[in-house]
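Below are two complexes that have subunit A in common, paired first with subunit B and then with subunit C.
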Partner chain A sequence: MATSFKTFDPNKDSVVTRNLLHEAIPMTGTIVSGTYADLNIKNYSHGMFQSVYDYPFLSSSANHIFDLTCGYPATSSLSGASSTQNAKKINIYNQMAQVLAGFDAEGAVRRFDKDGDLTSGDKINEAYFINLTRLLSKDEVKKGSFTLSLGVNATYGSPFTETINITDASGSDGYKVNSPAGEYGILFANNGTGTPMATADPQPVGLLYYQAGIAVLTASVFGGILSSSAEMNASAETVDAVLSGSAISGNCDDLRHRFLNLSFNNSTELNSTVYFCRTNNTDFNYSSNPTYLSASKMVVKNNSQDVPVSYVTAVGLYSPDNELLAVAKLSEPLKKDPTTEFTIRVRLDY
Partner chain B sequence: MPYYKFKSNEVYHNTLKTYPSIKFVVYSGSAHYNDNPSFRGSFADPIIPQKPGQVSLYEMNVDRSSSDTGRFIGPAVLSEPGDTPEIPGIPDNGLIFSFVSKNGSRLGFRSSATDVSWNAALYGTPLYGNYPYTSSISKEFYSPTTPRSASNPIYVSATNMTGAVSHLLALKNTINHYGYVSPEFAYSSSARDFNEVEIGLVNIPTIFYGSSIKKGTVDLKYYITGTLLAQAKDKNKNGLLMCTYGTSSVSGSTVGLVLYDEGILILTSSMELSSVSADAYTSSAGLSTPRWTYFAQSLSGSVLGTVGPDLGPGPDPTAGLITATSASFIMEMSGTSTTQTLTMFANAQKGQLNQSNNPTFLQYSTNNYASTGSKAYIENDKLQIKNVVSSSYPDPTGSFEKTTYISKVGVYDENKNLIAIAKVATPVKKTVERDFTFKIKLDI
Partner chain C sequence: MGFLDNSGDIILDAVLTDLGRKRLAEGNGRFRVSKFALGDDEIDYGLYNKNASGGSAYYDINILQTPVLEAFTNNMSSMKSRLMSYSENDLLYLPVIVPATSLGESAFYTGLRSYIVLVDEETVNALTTNNNSLDAGLLNGYRPDMGTNLLRTDQGLNTAELSKDSPINPSLLETQYFVQIDNRLGFLRPSSGGDAENPAAFNPTTIDDDSIATYIFTANDGTRVVTNIAAGAESDINGPRGTRVALKLASSLDMRTSTFLFTQLGSQGTANITSGTKTLLAANYKFIDSTVRVSGVSTGYTLDIPVRFVKKTS
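This part shows the complex of A and B:
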């Protein structure tokens, strides 16, 4: 047991570090769009969003992977008394907008901005929301890693004949910070299979909030940006017709029908303090371990001329009033004598 | 709304101790935990990539199989343009997996990175880990000649493995520590030396049993072709496994030790349990008759050899897969799980809590608005309380009595922040003459 202490110099002997642990999260669209015959899709009686699991949710093995919902503001052209679940769609949009985009100087809820410049530019009025679960997004979605592939072929029955890839490719160095929910990047759409987009790609089609783990997708990915609008259901309705005429759960079903792939990397912050425990040549060459002595002689010394030797097996970290707070064990004992010096690096994760 | 401060005798911290039962069936190289079945998924069989006797610590890849999609998650190349060699991006193989980028923090994954591969990787290179992380029981068989330590070299290589000891020898101090329980807890004595006798070591990870195996609950059954051959229990609750059923030469004797806190069974009896029923326990080439040291032997990799993983002796690949197809084993016990609970007694005294701010507490026709003017703010001081006292007739009601219905109890911190709400199943009728105590229990 240690009977002598060395005091840390906080400026030189310890450093606080932050490392990122990542996970690669691929999600094939078949899970979302039909492998389990929608047994992995949970709709609620309130009808305001739909939950997607990676396995039929009645199984204890299932993981909740994301929620889907959609909405528009009261100023949207789709808003009207005849629209299905009109109030709920407005409430959903306003709720998401006030959390993610905040309020303006007059206290009004800001609408989502296509390019993140709140002072001017186009707004996202009709939007789909993909809320990734904390299980998958962890501390945040890794910037520049998000890819969502959607089938945008005009025919409802063969959605993946033409696809677009939606990425936050610019997110790694071009993200925005003017949101109360943290950092966000602009989602851009590129042609995937075929050239379904009406104009040259890439086109801004949404926002990805990294810490919140929420993707906001403009409904025009199935309409305005395409050469031919996609049929969103078997009745060949356009996205605007479905957004106004179908319930939120129906809109979510239609979005899932065109879900090809989703993948991103997540990040978890590992905060650490590294303590550099320095043993100089004259330090810790003696042990108070009972086995160190035998018949009042050091067992590791054969004659009086031998240098003292000890074996370091653990490092104790003590509080200023000498209370033992933590013990770091070495994988194998380190031989210590006056001819050697060590710096033992102790990392404490929290 | 009134607040009442909990008195010292109205708040208790308790520890709830539970004893979940554990059962392992070992047969033909596999362990099955608590009779859990294995399900086939649409894409993977089983749906969770783990063996039946394992507990998955990280069930992320549910019904997923690995396949090369040719895609990358994020950029296809992680290095800067023109840098050589090029660092490829994160592959999309259909599975969720973890990774860190190599940097100066020296972080890596034990499952994949070695010193050599870590040092060789360029900074910025992803270092990969794999899911799931599983835990399972294991069995080690030590014959009298199996080396216990490096002094009797067990794994010699160019790296620094010479200091390694076997798991059995690593338990020496622990075994000796329990010497106060019974003289049987001695690693080495005049009667027996664990370095020189046959030992079967069954390791049960703590995730299965919690803080400790409950004393007196260990029950081992040894079956041959489905017929019970022998049974051992720690019936005296002292860590000694007594053979309670079996051949007369063994029955009633101590056949092993249990380290309750450590989750270790040490089987010491090498006496023959049957002169027939020989099976391939220690070698696929030779047959042996049943004995307690062979308990759970059919777990694959149970025979230790002279080569193995980095630390300690490992399975002997030359012994082949030891399955002992005629033998099956059942191991049952109870673990110990503790849950801290907070119990609070919220008292509703007589004569108190007889007023509600709920609008329905007043007569429907009561006008409760306040009149304001340039010189006064006047509230209606004649608010009529709804009389809910029942009588035999719908109207008039019974004699008026102040009555409230308690539907929930709020728990506040010292700054009057609401931190918890306890709801009763049905509202409790509170009159002036009645008092109640609500017992609120919170697992923490």
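This part shows the complex of A and C:
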């Protein structure tokens, strides 16, 4: 009896696996701070955050790459009725904190902790937030791959004369799991160009939430950790002054002005089913291709004693109702005759 | 689709078809891979050179260099020719399926190499006076139970090198067929039976995301669609005969009652259609060209039969 289908043995012809796919995401600071004369920067009338695109955002070619915002809690020394957008900055901080740091036993919003030890230690009170879009971060930021370079030269006009590199270098083998938003690592700052930091040792300057794709940076990257505080705007204001005295969008502009480079790898979790299409020597040696026959006679045979031969270019996966559910194509034809056997491994990713 | 890179190791480019994605989205367990088939759509076996001077290593040198296209996601565009498994290695002839056009009732419409399906009563009445006497190749899609014209295919070894009186090798005998038709345009009907009030009908096994309905017919399944061709009986098969598929076509309700599909998919008539003394002028009808696909389930051979749906518009 002829047949063109071969049934899988469910116990041994398929297996489910999980794979991680990583992509490198390099982001040059010039895109963020000047290439498109800020046509790729979108500000909103509500003023709560600023969106950064990789191309002028009115173009359909533009991709949303990340959002910037900043804030502080009500307990911050910067909080006050005279501070610009004071309520919005508090709202932003609390929103980010309750999503990323969660609530304490009394139901109060936890503040971001510098070292991840929620029971004690310094808190991050004044913070910048870099929210990576899902387009870039995919399922998560790969641990240990995040590097952000910031220009921290004291003079506003030449920010990149001195730089620091902020990495989650400890993330690959030491990360925290006490966040409701998944795993996070501590961001450490090191000297990049020059020696702008007050101490040579790496300093904790923020948190990176891997699955959420959000980096929380303490405002002290432009102040307390440096030998000389950075001028955040043309008026030579300090970071604390602009955090309290400027709108969120102005603070985002100031951060972008000192944004040199950002790079990280993302991870996509692929769940795969691998089907082993086993072809024995007696299987699939003939073809129903119309060119296989000339007046019903096989063109690959001179007489009946010649071995039949066929060439595989595709594998079709079918349902019990013979519906074609998936197709796999080989990159070159594969010869099949009664002297050969092979197993074609077809992997479907979900 | 582009070609796959064939400069290095053999790689496999796998995709879910649009139908596979639909079944997955339905979430009702219909996405279940239970079997596989191998295909060779790109291969032209005419390139196989059994007389290559360099010997057998050179017989298929041109075939092995065939570039392979990336996988299509349309389920109807892939796996059109499947590889077959037969227990014997000494077969020299394989069966084919051909339209049985030498038989008067199932001949193509003269000069068109296609069947013409008249989709509504007005169109039928333009070519016959009693709904059932139409020239060969004209199928009454409005009342399939009327008239004798039908669509018919024969299966067997189409070679004069073997006697038509010889019985066909049982492993080459096809006993089950897939028949596919665009469900927007028409339905399959039995070659006899039914009337206007109670038309005999078949239910498709599946209808895919492109509205292609698949029917399955088996010999002795009671539908009388698949029958054996007696040895030596009249047929378009020159050698040993296998089985015959006989069907009629009914037009869909949309085709009967609306010109929408004809406007969207069809064209204005280009030639007059005649039956007996009656003529439907080209200017007075629109048509849609489609196919009915008949595939042998076990022998894998596929035949696309051209079908033209015609509607009188003025």
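For the reader, a short list of remarks on this structure follows.
Methods note: the second predicted complex is superposed on the first by the 258 of 350 C-alpha atoms of A that agree within 3 Å, B and C clash if a C-alpha of one lies under 4 Å from a C-alpha of the other, contacts with A are read in each partner's own complex, and residues count from 1 in each chain.
The rule we apply is simple: a contact is a pair of C-beta atoms (placed from the backbone, for glycine too) under 8 Å apart; a residue touches a chain by one contact, two chains touch by 3 or more.
Fair warning: this is a prediction, and the values are worked out from it, not measured in the lab.
Contacts of A:Asn63 after superposition: subunit B is touched, whereas subunit C is not reached. Looking at the shared chain after the overlay, A:Ser287 reaches subunit C, while subunit B stays out of its contact range. By the touch criterion stated above, A:Glu332 is placed in contact with subunit B and with subunit C alike.
When both complexes are overlaid on chain A, the residue A:Tyr156 reaches neither subunit B nor subunit C.
When the two complexes are overlaid on their common chain A, residue A:Ser310 makes contact with subunit C while staying clear of subunit B.
Contacts of A:Phe342 after superposition: neither subunit B nor subunit C is touched.
In the superposed model, more residues of subunit A are touched by C than by the other of subunit B and subunit C. 332 are the residues of subunit A that lie in the contact sets of both subunit B and subunit C, per the superposition on chain A. Chain contact summary for the complex, subunit A toward subunit C: residues 1-8, 14, 273, 275, 277, 279, 282-293, 295-305, 307-336, 338, 344-348. On subunit C, the positions that touch subunit A within their shared complex are 4-6, 10-17, 19-20, 23, 30-46, 48, 50, 59-60, 63-64, 66, 68-73, 75, 78-79, 81-87, 89-96, 157-161, 170-172, 178, 205-206, 208, 214, 238-239, 296-302. Those residues of subunit B whose C-beta lies close enough to touch subunit A in the complex are 39, 41-43, 47-48, 59-60, 62-63, 69, 71, 73-75, 90-101, 103, 105, 107, 126, 160, 163.
For subunit A in complex with subunit B, the residues that touch the partner chain are 17, 19-26, 28, 35-36, 54-55, 61-63, 142, 144-145, 147, 169, 261, 263-265, 270, 272, 332.
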